[in-house]
């Protein structure tokens, strides 16, 4: 029982971390109808920037406080992500107004290559460290109730908290503000949005900025967990079933999807895995998502797919 | 069709003689959540006639066609076609039985050329299997050519020869409507459902379109169900008219009767006509 | 003539780098007037409007020659959003409502450029007044409304921006006759009371000439005729080909036969 | 010769329905075939064959298969890697266990992929668009896992990596670079021809109709189930055969990672950048995604030394990434519908030449 | 022109495995430069060209094809990737290029009678696994103590990760421990469930068979679940600086088996490289990295290849450029005595090695080193993998490969050529 709870909890935490990455996908999709293949690359790029700035800034400016270094690095990395957003809009999106999803997806692939190339050139391709003072040691709770207690990963708890805050804030933003509504309009029909005066350029810069910041937060948390190196980008692939399960257009969906996928994959690996030789969690996550889709083809909270004649 | 030559020829022109009831819609109700699109609608369509459905926007005209087509499944009521009664229809079955339609908002296959779009209308009649098609030998090729000939006649008839190979997405709206009609005609339907075929056309083009509809009706005896907002057209070419309003039927009869019906005037026509 | 709001000067438009659609179109829209752009399918009306509102780019079209001026200012390089800021709004052909947004959200998005809350609320009320049907369907997603309802939504959405020049592309398409009349009444209303200028592409020549002050007739990418609406309405060709009243009586659609007619201006 | 079709009047529909109705096209294709079958084998180097042409041909074939599903039928698939894997391992098992000759082994391997494809295509009846991508990704990860974990498929090799050798067709060994090239080329040409026939036949129109507007397609009597599953079947067959070729002819020995999700993504990208719904586009796409990076990798140092800088190996790779990414974006901006469309527009311009419009 | 011996360098300095691939490549290239600085092999200078593979098999094959014929033909190739090794194994015999895989690749390739062109010199994964078990046995105090013990293998879910399994299972049968297998999907960024399982079953030892990010993630998860690092043993691809660097103190006590060498900042060869290569401003990577574990692996790999060429020259003519076939002979008749090693600067770094036609591995020695929070220290004596166990395993597996490919083992006569 204790172990079950532990697995469950572990799954929930992992799920929240996935949700953080999933959020980036949802944001951009919801606001421009673009499936942003570059999300993983953005996470990596942001994390690289932050890790390296935290390393370089004390040297450049001659101070030694790690807190200050981290804060400054975060801000600077944020600025870098803003710059990325601006450049992406200027050089790519602006020229692809009103194009189909596949074309835009492809464009984000181009962006992925650019970010990978530029990121590694600027920041190096070694393994780097983000140390924002996340606690690494485990917390054993309920030792009296269960034998061996329940292990809780403090780092994960904090990360999950941050993810939850972000998600709530962004959901409110989308549902309650005029800009949120405009973003949804853009996703539906670029041209009509333009025709009523929604400045696509500005909107896109905003969204990519927000997505950049989300990527930065995700990069910071995942980076402090895993170390900052190229494979960080692959967490995007783990977050994909989350996005889909929650619904491509739903911010809260990212969280719920994350929790379901997180729990599902951990439980399956721990309880079914040993029977079949293990290593099933990835495909299990996808199959789980697929199972939900068969019931609700637009994901749990996604907007209904409209086809009318 | 101006004396089109023979093989794979549609049933010979029978002239216009309104026959028995071919399509009978009984007590259809359809709701989407709270919205009642159709409430207890009944009407019938006779063979070879031109039957118009009119009514204000959102009255449920398109929804009615969608029910007949199997796109929507009415909660209540039955549809009888050629003596067979259905609670709801399946799209494929409907097509096989010979009901074709055009769409209000254009539902052409945007990525395909005009010719290919119309050719899809012939797909029901393709007999050769996937392997023959891959090899394109013998029967498959012959079949393809036969259907092509048929389609070409429709193209001639609707006067869209010049656009044969153009992707439909690039055509102006009015021509797209024509292609939509062509695709439906390619199915050699017995009943043709037309959803606002003349929207977005100027007078001349409307006249052309009317001529097409009348010719189809005359020469092949195709039964036509027509939704249209242009009262001139409706009054001139239809035999009988159903009037819907807010999902309810408020009138049914000859154009003259309907035009005189005060409820219809009030709900739809306004004072102008 | 009064001040010219919009001056289109000999523009050429090419789609996809190869398809030449407009072959030198010039037209003027005077302030506070209603100008109608008439012509058959594929004449290039929509393209002209797109060129003005700068929506060509998304269709991979571009203006290759000529100039477009709004109150004397060249606007070829402005974004559509800039134009809305300057009060120019286009109602696109074929509705283009935001499918996933409700009718009311659609309308509110139309007021994106308006910041005053009261103004937006008043505008919303105004649109609901013009189109009561929209009010009853306000909470339904636009994709699930009927064709006509979507058309009203699109027009209403444009009005939410408080425009001073509206480019209307086939407003009457798919609307019931009663509503068509209402729409034109609204146009007249706005024009007279709020001094909104209209450039209107229409197939319904009858209506258009009845309400417009001036008309242009397009055929395959060129303006072939223009003049005050009243004059056009009495022109024999226009009467025959666009109004269907050539030779006195209105012809029945049943009787029109398929002889090939030839328009005199094409000669 | 100038590219014009003036004076070429079609008097029969048969003539108008040829694969290449324009005479110049026919000549060009015939020339290309001659070049591919006769000239290239005489000219190209071993490296050209083994590292460029063979992978290019095989990936073109795979991209063509994916194009049928994604480009023609509109079903987004990220499981192509899995279909390739099933084709490869299927062919491997048949080849090793039954001792069947190579060609039927590969075709049967393709058939295995067909079955697998249909199975994972079933969700497409309900799930659409990007959401469908997840179903196909499930296939991808499941196949990865299956070939790692189920020993039977790998004939109990301890590491799970397998190899084939002694390939021959009717006694001719497929060992030399040229023979491997011709072997692949034959497959590609035949399959491309069959695929082209399919897409311009009734079934192809059904796929496109489903892609463009499935409700309308249903109304004119197209069965979505048949259309979608047949697209999955045909596509995964071709992709499976390509997988077999990739494993047998190009790699020789392989592990499941050879058909990882990366491969799926790359194939999808080939289709999009090449041109969705275009057979020719598949070749362009494969060229772009397979060959361009290799070319950049070799050209950049040369360019660097021209301007007098030597770039480190890592630097070259990074630059390769940047240039490649920039090229993708640039091509999309020039022509969002892919290289095939760019090609078509180019041809159209040529047709009008010397007039601009 | 023809006086240069060409060595292609397949490396990866970008992508997910760059942190591990880069130091290896730097060591490899630096050593080749050192050989040239020392005057080449009996006067024959080495030339080399790098090709980036990104650790991708298809790209590796392309690099192989691109470089194999350049500059008079490749002498030998070392791809540093198990996937590429498998693919090139099928091509090398045809191209007559020896495939040298120092510490990776297929374990059964040690059998030179069947794998004529493969050279897993100085140790295969079976050696590594056996050495780890021996280290554990030393700690426990005898093989019999293993009975009933639980050993978990956390491995990269790929042929590479699966390589040690046959040996571990063989030993399991012999000694009665319980082996549990825990695969981690590539690249290994998410291992929570693996470590939850470890926390539940509390194995006595955890063997780690990872590469790249998987290693550091495993260590971090071990920290997070409180599994003692002292009880973790990594393969030699899981025991270098990049694997522990960002775990820092958390990795203290973690052990890994070494390919003989560890981090060797004090060795002569490192000093030579610093003086003769870096000192001349021709160093490939940063100075600090010279002498680190993966750097040394690269240097040692290069050295073994170069010595193969040297051995070939001794038979086929000193001062001449060797063909691939000749190099193959050299690699097969390598006899690195202590004296030779000392002269090369590898004193203390490794033990003598001698290969033969039958035995392409030449040595089965290893040591354990342990991370102390800032550097790797040797914590065991030399361990030798048990021939009795490995030999039969090699024989049967290689035999099976031969049967599948319809190869007949080389005859003694063939061995002479």
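Order of writing sets the chain letters: A, B, C, D and E. Residues in each chain are counted from 1.
The rule we apply is simple: contacts are C-beta pairs under 8 Å (C-beta built on N, C-alpha and C of every residue); 3 or more make two chains touch, one makes a residue touch a chain.
A quick note: this is a predicted structure, and the numbers were derived from the prediction, not measured.
Relative to the C-alpha centre of chain D, the farthest chain centre belongs to C. Once CA atoms are averaged chain by chain and compared with the all-protein CA average, the nearest chain turns out to be D. More contacting C-beta pairs link the chains of A-D than the other of the two pairs A-C and A-D. Our note on geometry: chain C versus chain D, Cα centroid distance of 46 Å, whole angstroms.
Distance between chain D and chain E, defined via averaged C-alpha coordinates, is recorded as 36 Å. Taken residue by residue, chain C touches two or more other chains at 19, 144, whereas all remaining positions touch fewer.
In chain D, the residues that touch at least two other chains are 144, 148-149, 213, 215-216, 219, 314, 318, 320-321, 336. In chain A, the positions touching at least two other chains are 99, 116, 120, 125, 277, 279, 282, 308-309. Interface residues of chain A, counted against chain D in their complex, comprise 35, 91-92, 95-96, 99-103, 105-107, 109-118, 120-121, 125, 237, 240-241, 244, 248, 276-277, 279-280, 282-283, 286-287, 289-290, 293-294, 297-299, 302, 305, 307-309. On the side of chain C, the complex with chain D involves touching residues 14, 16-20, 60. Those residues of chain B that touch chain C in the complex are listed here as 32, 35, 55-59, 62, 104-106, 170-175, 196, 199-208, 210-211, 214, 229-233, 236-237, 268-270, 272-273. Those residues of chain D whose C-beta lies close enough to touch chain C in the complex are 336, 345, 348-349, 352, 357.
For chain D in complex with chain E, the touching residues are 45-47, 50-52, 55, 96, 144, 148-149, 155, 157-161, 163, 165-166, 175, 250-258, 260, 262, 294, 297-298, 312-314, 316-318, 320-321.
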